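When the chains are written out, they are named A, B and C in that same order, and each has its own residue count from 1.
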Amino acid sequence: MPKPIDVVEALLFASDAPLEAERIRDVLDLENVAAARALVGELVARYEAEERGLAIMEVGGGWRMVTRPELAPWLVRLARARTRVRLSRPALETLAIVAYKQPVSRPEIDAVRGVNSEATLDNLLERRLIRIAGRKEAPGRPFVYETTREFLVAFGLRDPGDLPKIEGELVIPELAAEAATADGEAQAQQDPGAGGAQQPAGS
Amino acid sequence: MPKPIDVVEALLFASDAPLEAERIRDVLDLENVAAARALVGELVARYEAEERGLAIMEVGGGWRMVTRPELAPWLVRLARARTRVRLSRPALETLAIVAYKQPVSRPEIDAVRGVNSEATLDNLLERRLIRIAGRKEAPGRPFVYETTREFLVAFGLRDPGDLPKIEGELVIPELAAEAATADGEAQAQQDPGAGGAQQPAGS
Amino acid sequence: MTDTELRLRVGTFEGPFDLLLHLCRTNEIDLAALPVRPITDQYLAHLEAMEFRDLEMAGAYLVMAATLIYLKSKLLVPPDESEEQLDDEGLLLKQELEDRLREYARVKMEGAWLAAREAEMALIWGRPGAALPSVEDLPLEDLSVDWLARMLSKLIEEQRRNRPREIEPNPPSVLERMTEILSVLRDTWSLLFSSLTGGERKRSEIVVTLLAVLELVRQGRIKTQQTELFGEIVIERQAARADGEAPSAQAD
């Protein structure tokens, strides 16, 4: 009789989407979700302790088995590994607006960016990072957009609440450095951004 | 510095086809193929000794990472949980049209249903029950949709011809300009949504 | 200063807010206390040196320029070089501009955070697709072909009862769009132009809508004005009285 923890390992390996605690409970006939969480926790701990080639990551409302970041150089050399196209700056800004304000309509996005976001939204829709969430009850009933589970997976987030709060007067880090000669006030304000960007990959 | 054996583990995990010794040698800059074989051998032995959820299998001139055969029943349960779909009424209606009339375009589906089917089609696409089969040589070159293998599996069909025979024929209305000359009564049909909208919401 | 100018001209910006933000950063301007005169002058100077990807992008920058110039025109006389005073309307506009600028700055940071995150995630690989047992061996749960058959029968039955439905031609004509706008305006006093096209993805739709609006303005059945800052057009029902005063689009 296989051990439950090994079953969870196989399930994580075989699943192409993040595996939810709920599902693990169902498949293993566990008493409750907490038992499923405990099992995964045990497996995560085992992987972390061994530090081999693989890791388990909590993302998109579930867990995923992934390769360890340190092994990226070799995986890049594996010719079959796909190359990923990074998002452009407009795409990232638009995605940020959707992620933080969802559900949000195009007129609202356009207003924040000051430019037309149609093409960018199409691109994000095509990549399935966002989806149409419905229509806004406003004249013209524009579509409203929200982020998808693929978005969470792509950015390694457990849920949209994982996005860092970015508040207050902001100083863009690279420009802050430039301005460092000035007065101390600008210096003090560069923290929120820098802190956000340096967050660990999410254990 | 990661250990070579862990790199091999990650390579096997991330590879979508059996991984040959030759390739492992290339990626790891090993002296020869024998060294690659030795590494994989070590990994295989480790997996066998531990007897956890995964195994390494030699197949098709290379190696693959797989789940252990004993765990198949749980994987079946997971797969079943994944394919169990409770389709909404509009989704079933749309799916029925695609199934019986494939390949069929969205304007045609809209015309039959009398309502916009975009969201429903997106839902079915997401569930992989249908897929885009190409474009129709008609004004606007709309996409045409067909059912997938997953559809057949989900509904227990060998092929689309297996669908139950229905009395009568569903007519796909002629679209756009050609239809306009048909009959003058068209004006009276002001309420295209009626047919679709009046169905009971329940079940 | 010349050094700064040179650096500015090489930079690429994602839109008017991006440029404005850059000007504020390089000049260490507090976003909560925007000096209208210098920022307008710099913005315009920079605009002259810029090359635009397309007309639409150029338009977005020009709308901001118009806003800034308008704001500058609101500065009370006599102008004191060191102090800027605005009337109430000017203050409101400035406030909104500052708010939007701050919001854009935040979005930019959020975008930067996402980019960093994306870079981290690029270092890890998942499985290429599911390794679950092929679904064809799986027992059916609660799907049944009978449902599909029943659905189709129902549709066929409906078709028998009804005559074939007229399909709405695509895209709508200018006339249809005009009717649509007027019918919306029966229930509400005003609406935004962007909201008329908000749900539409096709450029032709926007053109049709614009033509419809222009025609309705020409006919004196609606009036348009730019009360919003960045070029948003507000469409309003024209008051019933038919006086000679020509309705006008007041966009500075």
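Throughout what follows, contacts are C-beta pairs under 8 Å (C-beta built on N, C-alpha and C of every residue); 3 or more make two chains touch, one makes a residue touch a chain.
Since this is a predicted model, take the numbers as computed values, not measurements.
Undergrad: Can you identify the chain nearest the overall CA centroid, using each chain's own CA centroid?
TA: Central chain is A.
Undergrad: Let me check something: if the centre of a chain is the mean of its CA atoms, which chain is farthest from subunit B?
TA: C
Undergrad: As a quick test, compute the distance in whole Å between the mean CA positions of subunit B and subunit C.
TA: Each chain's C-alpha centroid was found; their separation is 35 Å.
Undergrad: So how far apart, in whole Å, are subunit A and subunit B when each is placed at the average of its C-alpha atoms?
TA: Roughly 24 Å separates the two chain centres.
Undergrad: Could you work out how far the Cα centre of subunit A sits from that of subunit C, in whole Å?
TA: 26
Undergrad: Considering subunit A alone, which of its residues make contact with at least two other chains?
TA: Those would be 13-15, 65, 67-68, 75, 81.
Undergrad: At which residue positions does subunit C touch at least two other chains?
TA: 125-127, 129, 131-132
Undergrad: Can you list the residues on subunit C that touch subunit A in the complex?
TA: Of all residues in subunit C, those touching subunit A are 14-18, 21-22, 25-26, 28, 30-32, 56-57, 60, 64, 100, 102-127, 129-132, 184, 188, 191-192, 194-199, 201, 230, 232.
Undergrad: Residues of subunit A touching subunit C in their complex?
TA: Touch list, subunit A to subunit C: 13-17, 55, 57, 64-69, 72, 75, 81, 84, 86-87, 89-90, 92-93, 95-97, 99-100, 105-107, 110-116, 118, 122, 135-136, 138-143, 154-157, 163-164, 166-167, 169-173, 175, 178-179, 182, 186, 192-193, 196-199, 201.
Undergrad: Applying the document's contact rule, which stretches of subunit B touch subunit A when the two form their complex?
TA: Within the complex, subunit B contacts subunit A at residues 2-3, 5-11, 13-17, 23, 26-28, 51-54, 65, 67-68, 70-71, 74-75, 77-78, 81, 119, 122.
Undergrad: Would you tell me which residues of subunit C are touching subunit B in their complex?
TA: Its residues touching subunit B are 125-129, 131-133, 135-149, 151-160, 162-170.
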